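Chain lettering (A, B, C and D) follows the sequence in which the chains are written, and residue indices restart at 1 in each chain.
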Amino acid sequence: MSSKSKRITLKEAAEIIRDGTLLTFSGFTIWRRPCALVLELIRQKRRNLHLVEVNGGPHSEFLIGAGCVDVWESCWIGHELYGKYGANLSRKVKNKEIICEDYSHAEMGFRFLAAASGMPFLPTQTSLGTDIHNPEYDMLGRAGLRNGKNPKIARKKYETMQDPFFGDGEHVLVPAARVDVAVLSVQQVGEEGTVRIGGQFFTDPEICRAADTTIVVAEEIVPEETLRREPRLNDIPGFQVDHIVECAYGAHPTGMFGHYDVDGDFIRNFYMQTRTQEGFDEFAREWIFGTDHDAYLSKLGVARLLNLQANRALNFSTRVKRGHK
Amino acid sequence: MSSKSKRITLKEAAEIIRDGTLLTFSGFTIWRRPCALVLELIRQKRRNLHLVEVNGGPHSEFLIGAGCVDVWESCWIGHELYGKYGANLSRKVKNKEIICEDYSHAEMGFRFLAAASGMPFLPTQTSLGTDIHNPEYDMLGRAGLRNGKNPKIARKKYETMQDPFFGDGEHVLVPAARVDVAVLSVQQVGEEGTVRIGGQFFTDPEICRAADTTIVVAEEIVPEETLRREPRLNDIPGFQVDHIVECAYGAHPTGMFGHYDVDGDFIRNFYMQTRTQEGFDEFAREWIFGTDHDAYLSKLGVARLLNLQANRALNFSTRVKRGHK
Amino acid sequence: MERHAYAKAGEYTLADLMTVAAGREVMDNEVVFAGTGMPMIAIMLAQKTHAPNLKLIFEAGTFDGRPIVTPTSVGDPRCEGGASRASGLCEAFAIAQRGYVDLGFLGGSEVDEYGNVNTTVIGDYLNPDLRLTGSGGDPDINSFARRTVFIMVHEARRFTRNVSYITSPGWRVKKWPSGEWVHRRELYGRAFRGGPSAVISTAGVFRFDDVTGRMYLDSYHPGKTPEEIRGLCQFDLDVSRTSGETAPPTYEELHIIHEVLDREEIFLPKPRKV
Amino acid sequence: MERHAYAKAGEYTLADLMTVAAGREVMDNEVVFAGTGMPMIAIMLAQKTHAPNLKLIFEAGTFDGRPIVTPTSVGDPRCEGGASRASGLCEAFAIAQRGYVDLGFLGGSEVDEYGNVNTTVIGDYLNPDLRLTGSGGDPDINSFARRTVFIMVHEARRFTRNVSYITSPGWRVKKWPSGEWVHRRELYGRAFRGGPSAVISTAGVFRFDDVTGRMYLDSYHPGKTPEEIRGLCQFDLDVSRTSGETAPPTYEELHIIHEVLDREEIFLPKPRKV
């Protein structure tokens, strides 16, 4: 194949994501998040990002703490076992530095499914009776951002309608999650962009199709033909992928099924340290600024990485300490 | 696991499907259709079936020619290379013995996706401007069947609405394809019902979830644990499957990826012979009535089946003759 | 020591009892959607005791899993162990909306008298004192499952009079756009499948009145009294229809919890005297 | 015999020429949605010649396939060969609706002057003379792709004045509920992406006027004349703007068709004099 190569560097990948981008990520809570690329975005001082995610995690907290984010549209943020909630988001929401738009988890999933399928919305009956549907709590609307100026932002948070076919009653229509860029962190990508994910794919295929531009950061770039021998095992076809980056430990401190477990200590320390802005800035000086991904990995050190290494028969680490014993 | 076994016989499986059932099938055109079960339904003289399918094929023609079907709701019927169109459906539509409700292919797919997801409809902009959307051609409506008496039949063929979120204009809402029974013909099913399909899954996961009852006919029933070693390779989780049948060549004369190719001669002969009702009845006397699946296979004979056998490295037959040379 | 005998006071913690009592809410063969944390242990305990055929689903996309090592997150690779299928989130919520889910098993944080839960904000949503995690899948599981069981450590502040924000719907919910309170059955109409059926805490087991949807105390854990528990709720807890003491864990259940499911003491510390 | 030289009359059939001319409509790197039959051969020819990087999609659920043996159906296992992904139909139509598809490549049956196609019924829909196959994915591919090319054997009855039923939308379509004829651009509004761009038959290559959407003859195959072709259409074919004769197949193209893609002569009989 004589196609132009899709390979770029982490730095080039971050440069593609401009200020103000509607941005989303692969993964789920503390799993398979493109943290290496996120930290590079912070180094490049990206601003005014509008994150639209099925759910958040440490990667969101990194960007939020660093002041890169204006709007966060999702249903959940936290660190699971390693930190009770998103302290940086919490602080900035309280200080009115960030607009926080709440949908439910299924609503966010369906929003991406709609966008992935060229549909402007999907109907659902989830979360009826909750404050998620409170019309006073359309935060993007309150901020004047639903005026059509950005054509990807829906003019309304929700619409309601009666089912016209079966008499099933009132449904909520959730608007498609139309985003500019999707950044994925996966195990394998082919030279032509074919993606093979190990373990649960969460919502990766949907966010890729929902976005106009897709960047895939993979633990390893492999020859396409090795993936094309088993087409049923591939999750995203190459033509949907625009750029690929090879980056070992691209998801650290989040986990990568089959490769490395969650670095719970790192996330716990981050959570404890960054409950204040001063704490975040200190964290950033140590782990983000004036360094790059290779130096970051060296700083973590071999022993730590080996401890996280997934057992290949089980796809998770048997060495890492998760509890008190 | 001490759960009650899901195993039944082909005959018992057919007995589950009563007269008047809203029925759908696995596969695609001349691939992976549950023909063995369909022929058993014909032997049991099933009547008044309402077929709702993503697309039709020889299996539909069998049921239609045998007088089992009152309504056919789909987008296409034929035999691909082996027969230009569905001659039995055509004859019965002309004689007004069958109601034929046309949607487009994507519309039928989206209808099953809606039903599979507990949604009453999905929005689409396909087929705008065609006679598929002609309000005069709501055939179920014209027949008085959209009166709510069967709650699974939509009160309207379509609804239209403006996109309220992005100004994308008029959309067509296609109603969920709510069916009573889905019958699948697949390569492998576990004792507990876990389904692993070889090759394209077409719309099998969607039809299974859309239906209230799912019957899986598999070339082989395997121990569950063999399938549960690789959960990412399974297509339908066991709890969605109600009954399983082990039946070799369950899809003949349609093809089964990795096992046997399409029996083009059989389908071509069927097509040529059954352009008249007399021809169909003759076909049925020879191949359906007074026989069973085992006798049918013996009649086909070893040489014929070996000719159809798929090459395991390629998943299709290298022996079968497809063209003129 | 007879495996099926009940353990004595001091041989188990209240967290153990909460876990065991929650596990008892599961019926064999049910399709169960479990949330992260305590629910996982309780479900896996049920799976290893009276409900071996339960079908465990995690919203990140694992279906009918039989983990060999306890996961700590619904997205954990450990969730995939022995699963019938592993895929993604849209499928999980689609099948829930389709009606496959019998039971939702969730960690609770702040619950009110009608089973409404708040995981979004402390204080006024528009001017929050503290922004929490957000909803996650709780409202979805709660909307779609035929019944939902909550597991939570008991603190008075968590059993609140009126949640300031309804994240997850209970038995009396808000009808928009007016915001008036109506019974869930009325709002949901044909979408109604059920709702919160129990809250299991470290103090007792609470259920909801069939008609009014108001929470009442069903059983109180050994060492607790109904009046004491009423004092541990900010609303006026109905303690008039208790069924007695919660049955303690058996030795077998304790063994499974501490030697099989949570050897690493991720969720449940070992009792001091064992 | 120079591989890239054009073959002479008698060394190829009109079906060969139609296939080659259709293949020329594909641009390299395009995402192409192909239908069953003739389109497959034409696409695979393009893939093996000037468009090696085209991304071939079949609606049954194979994406970016590189079949080693020619399939005879879009659901054929042969479609999976070398594919980037194999899955199912909903995904294929979802990505088409999302806008990924540059080109639809379809077999035509009955086409009218504005590119409307009928594959549903001969005669009145409510009282048909003959019920045909039905739409299949043609209207969908046609609605979603940025342009569509049709390949069909030329018979006068297939180039009809007004199709009795519009299965697949051309340039003048019906606006419901009134049924009035409007330009496709007007009906589709923001959904407009393009429409039928060419019809390739065994007589010539036809295109559609940018403004009116009316079909006109672009090139006529060697051995045919524009007037002859006009006589082979039931509508008044515009032959005033032809560009000349269709370039014949090259020897390399014939070799690929007959010795590589269709050795079994499934779709294309070998020319007598080769």
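Throughout what follows, a residue touches a chain if its C-beta (ideal position, glycine included) is under 8 Å from a C-beta of that chain, and two chains touch if they have at least 3 such contacts.
From a predicted model like this one, the values you see are computed outputs, not experimental measurements.
Asks: Could you tell me which chains make contact with chain A and chain D both?
Replies: For chain A paired with chain D, the chains in contact with each are B, in label order.
Asks: Considering only chains that satisfy the touch condition with chain A, which of them also satisfy it with chain B?
Replies: Joint contacts, listed by label: C, D.
Asks: Pick out whichever of the two, A-C or B-C, is joined by more C-beta pairs in contact.
Replies: Most C-beta pairs in contact, of the two: A-C.
Asks: If you average the Cα atoms of chain B and of chain C to get two centres, how far apart are those centres in Å?
Replies: So the centroids are 41 Å from each other.
Asks: Using mean CA coordinates as chain centres, what's the chain C-chain D distance in Å?
Replies: 58
Asks: From the mean C-alpha coordinate of chain B to that of chain D, what's the distance rounded to whole Å?
Replies: Distance between chain centres: 28 Å.
Asks: In chain C, which residues are in touch with two or more of the other chains?
Replies: Where chain C meets two or more other chains at a single residue, that happens at 62, 80, 86-87, 96-97, 144.
Asks: Among the residues of chain A, pick out those that touch two or more other chains and give their numbers.
Replies: Residues 118-119, 124-125, 167-168, 199, 232 of chain A each touch two or more of the other chains.
Asks: Sort the chain contact graph into one of these: line, ring, star, complete or other.
Replies: Shape of the chain contacts: other, as it matches none of the listed patterns.
Asks: According to the definition of touch, which chains form touching pairs?
Replies: A-B, A-C, A-D, B-C, B-D
Asks: Given the complex with chain C, which residues does chain B contribute to the contact?
Replies: Interface residues on the chain B side: 1-3, 115-119, 190, 192-194, 209, 224-225, 227-228, 231-232, 234-240.
Asks: Of all residues in chain B, which touch chain A in the complex?
Replies: Per the stated touch rule, the residues are 118-125, 148, 151-152, 154-156, 159, 161, 163-168, 171, 173, 175-176, 178, 198-199, 232-233.
Asks: How about chain C: which of its residues touch chain A in the complex?
Replies: For this pair, the touching residues of chain C are 36-37, 59-62, 69, 72-81, 86-90, 93, 96-97, 120, 125-126, 128-140, 143-144, 165-169, 173-177, 179, 182, 184, 187-191, 262-267, 269-270.
Asks: Which residues of chain D touch chain A in their complex?
Replies: For this pair, the touching residues of chain D are 29, 31, 52-53, 55, 62-66, 80, 82-87, 94-100, 144.
Asks: Report the residues of chain A in contact with chain C in the complex, numbered from low to high.
Replies: Checking each residue of chain A against chain C gives 27-31, 54-56, 74-78, 80-81, 84-86, 89-90, 93-94, 100, 102, 104-107, 109-110, 112-113, 124-137, 167-170, 199-206, 255, 257-258, 262, 310, 314-316, 321-325.
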